[in-house]
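Going in written order, the chains are labelled A, B and C, and every chain counts its residues from 1.
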């Protein structure tokens, strides 16, 4: 044991020594067309914790697929065929994300960092992107701070955020007849923000929220709160819980005998949550999804390719990682260089239509990437035709409405 | 009033898990002087095992409630024989640290094997409805869980007080020095007692599986609450563990009902108050220091 | 009373009150100079932000060791002090714009203030109870920080902590920041060293080895324990403050109990009761985590947990403790030889 650690220490030290010899940090100058003669895409995400299934190692696969497809598409005309994908596991720890981001940019010469779930980690990496003047496209995190107070020139937010989720579900469900709401939320930043955003949307659509019930976080006993939330017979109970707490909530909601009586609307839900509990536990539940693999032929075609690689169906995060990587490479191709400032310039204001971004646009002011999003309902077990076939799209929320209006953004990039 | 009864029942149901698991912790500590940090992980393994039994072998809730404690008993015996045993002669801190390391390994192994999104589980047939008693509507399963854990605690109590084995274990728990002097071979009971304690944690896990998320992390927060429970009850005391378990369940439920943001903080405040007034716990005896 | 409820802690600590275990002055000075050279050269050998992490975790481990190795108290809640100072340091730096060393000292002070009531409550229990009580208090602080989002930023963390340092290059380059922050951490290590090598430290070890006798000799055992608990919290606070300034943010990760667990892991791996062991254990754990994070291996806990289990089973003295043992044994053998000849 001791000798093993000493060996590990020694080898780690000598490896670092070698690396150190290759020169320290600092942004690389944009002298050449392609820095270091290669493009390096780094996927920094959670490969061992709660976001492992929804993004994790399979997002790395998705990015690799994008690189292959890019090379196949452009062949000899590609700006470079020397494209590398590197990855690191931040384990949902912001300090590790922060150190790894610096290492990826400085040492592994990453031109772009992708994904980064967990908001504290996402914001830390945004700060590194700003300092190092390198590209960063966030997919996995839901915090709106990335495109508001903590926005910067090199940071883009590709797939979803808390505002979009609240808006989509709150407004659309109310318009479809769910006027009287009670909301149960975890009492921390994400839950509070979601509840605030939900209230605004529900009220704007002519509904009302009777009770707003905070719960501890994390928590696994929701029976008391469910009893409370149902005490004045609302049309809809909204829950802003996520991950394990959401599963707890839904299990206990079903046990309270409310399934089918009171509609359940969920703030943040991933297809992997439905998969883990089974469609019948969630049936009838409505939530906003950034993308669904079985929505149409185009999505299905990509999902089939993904399945051939990974033996599973993609979540929206997998699709978004592919889309972000592909569009980054295409933009580098157009710009003829991977210099961050040039790529940012090309990307700002760009209108994109791919299988993930429908009617997409990269907003220049706050770097929020807007696109059509969907109100989904979980199918009845009987309607589920194959594994992962869980969602029915109830409504499409057009790109222009789905996200926080650009003039409301508090983003100031200062340049 | 109706909702108050409901909160009480919910508190008792939640307290049942704490009581069962804390009972296991107390028995292990009593006989061996080991505070088992991996007790939360064992609770998680109990729940994961019942989900896997259902998915792979089609064994339902009633089968799991019998099988899983047996499986965990065997697992406990294995852990005791291969690891815990070697440190028994040393300061109890070492086994605390050992089981902490074990927790890290078990949790990550489960994550690797079964992912992180949680495993599905169904309510057992016959317990999936609700019961209306005088205007109060109660979940049948919750009622069952509350009653079942009270019964189990009673059963363990009877086992410990009315049988010969129990008396030996209890003597060892309450005063292992004197038991030894009286010629009772305490060492002989160490392995089965460890297994038994782990089996109780596993049983709590089975009970939790129909209405809690079955994930590798489900024991992480649980173990900390459990520590608060045994500090409140007094570690050496079996009765203390059970009573404090239900007490903490009730505090949590009332806290959630009337001061939701602080429900969990309340448990720690209760713990601080107990340390202040009765450092050895509500049912523990005074320490000599 | 069962034997395991008797309150003396018998951890295999290398710290001993007996003078013969101490190395001769020449050797000690040589060791000190060597350690200083290594610390000064570290950011040239490894990536500077990683080097900074190693030293911060090293000082946190030293603060845990001060309690465990020298007083026989296992704190499983040191994340509370590390984290409280991380947030306090950040808030001071953001709100006042003072140079970061001032902010870090302020953060450490906050950690010490927090340690007074928690220490006062926790020292009522010893041994395994002390570990559980500190763990629970640490977790309580986590809940409170998550709830007080206006102050802490909730799950987003407290972002944008500046490295204000007289407008110099320290503010932008982690390599230079390392040297600017180093004195703070060395100060912490020096305080720890002074504490254990003082009459106060002797009393602590006497309490650890036999509290009843220490009490009989007229020492107020509880008061000594609270004092060392507060000192230890201050050191954890220094480390946590440097850590948050170095990263530019403070997050809930700093307060969660697994952070306390990591600190204990580092301490045990390095060697209980050695002080030196802390930084050595930190170097191994931090670099190992750094490598594993890029290795594509899922389940870092399996490796760290395994190290921990093996360490507790077979290497209870840790790396430095074992090394110190070897040195001591060779010396006795040499002296023995000299005596014979």
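The working rule: a residue touches a chain if its C-beta (ideal position, glycine included) is under 8 Å from a C-beta of that chain, and two chains touch if they have at least 3 such contacts.
The structure presented is a predicted model; accordingly, all values stated were derived computationally and were not measured.
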Of A-C and A-B, pair with higher C-beta contact tally: A-C
Relative to subunit B, chain with the most remote C-alpha centre: A
Distance from subunit C to subunit B - Cα centre to Cα centre, in angstrom: 32
Between subunit A and subunit C, centroid-to-centroid distance (C-alpha), Å: 36
Contacts with two or more other chains, residues of subunit C listed in rising order: 143, 147, 298-301, 307, 311
Residues of subunit B engaged with two or more neighbouring chains: 108, 111, 261, 264
Junction residues of subunit A, two or more chains touched: 48, 52, 187, 216
Contacting residues of subunit B [partner subunit C, same complex]: 30, 32-33, 35, 83, 86-87, 90-94, 96-98, 100-109, 111-112, 174-177, 224, 227-228, 230-231, 235-236, 261, 264-265, 268, 271-272, 275-276, 279, 285, 287-289
Residue ranges of subunit C touching subunit A (in the complex, touch as defined): 44-47, 49-50, 53, 143, 146-147, 149, 153-157, 159-160, 172-175, 243, 247-249, 251-254, 269, 283-284, 287-294, 296-301, 307, 310-311, 314-315, 319, 322
Interface residues, subunit A side, partner subunit B - complex: 48-54, 187, 213-216, 218-221, 223-225, 227-228, 231, 244-248, 251-252, 254-257, 270, 272-273, 275-278, 281
Complex contacts: residues of subunit B adjacent to subunit A: 3, 6-7, 10, 13-14, 108, 111, 115-120, 123, 128-130, 137, 139, 141-142, 210-213, 215, 217-218, 221-222, 252-253, 256-257, 260-264
Subunit C contact footprint on subunit A (complex, rising order): 1-2, 5, 8-9, 12-13, 16-17, 19-20, 24-25, 47-48, 52, 57, 86-96, 98-100, 102-103, 106-107, 119-120, 123-124, 127, 131, 143, 145, 150, 187-190, 192, 216-217
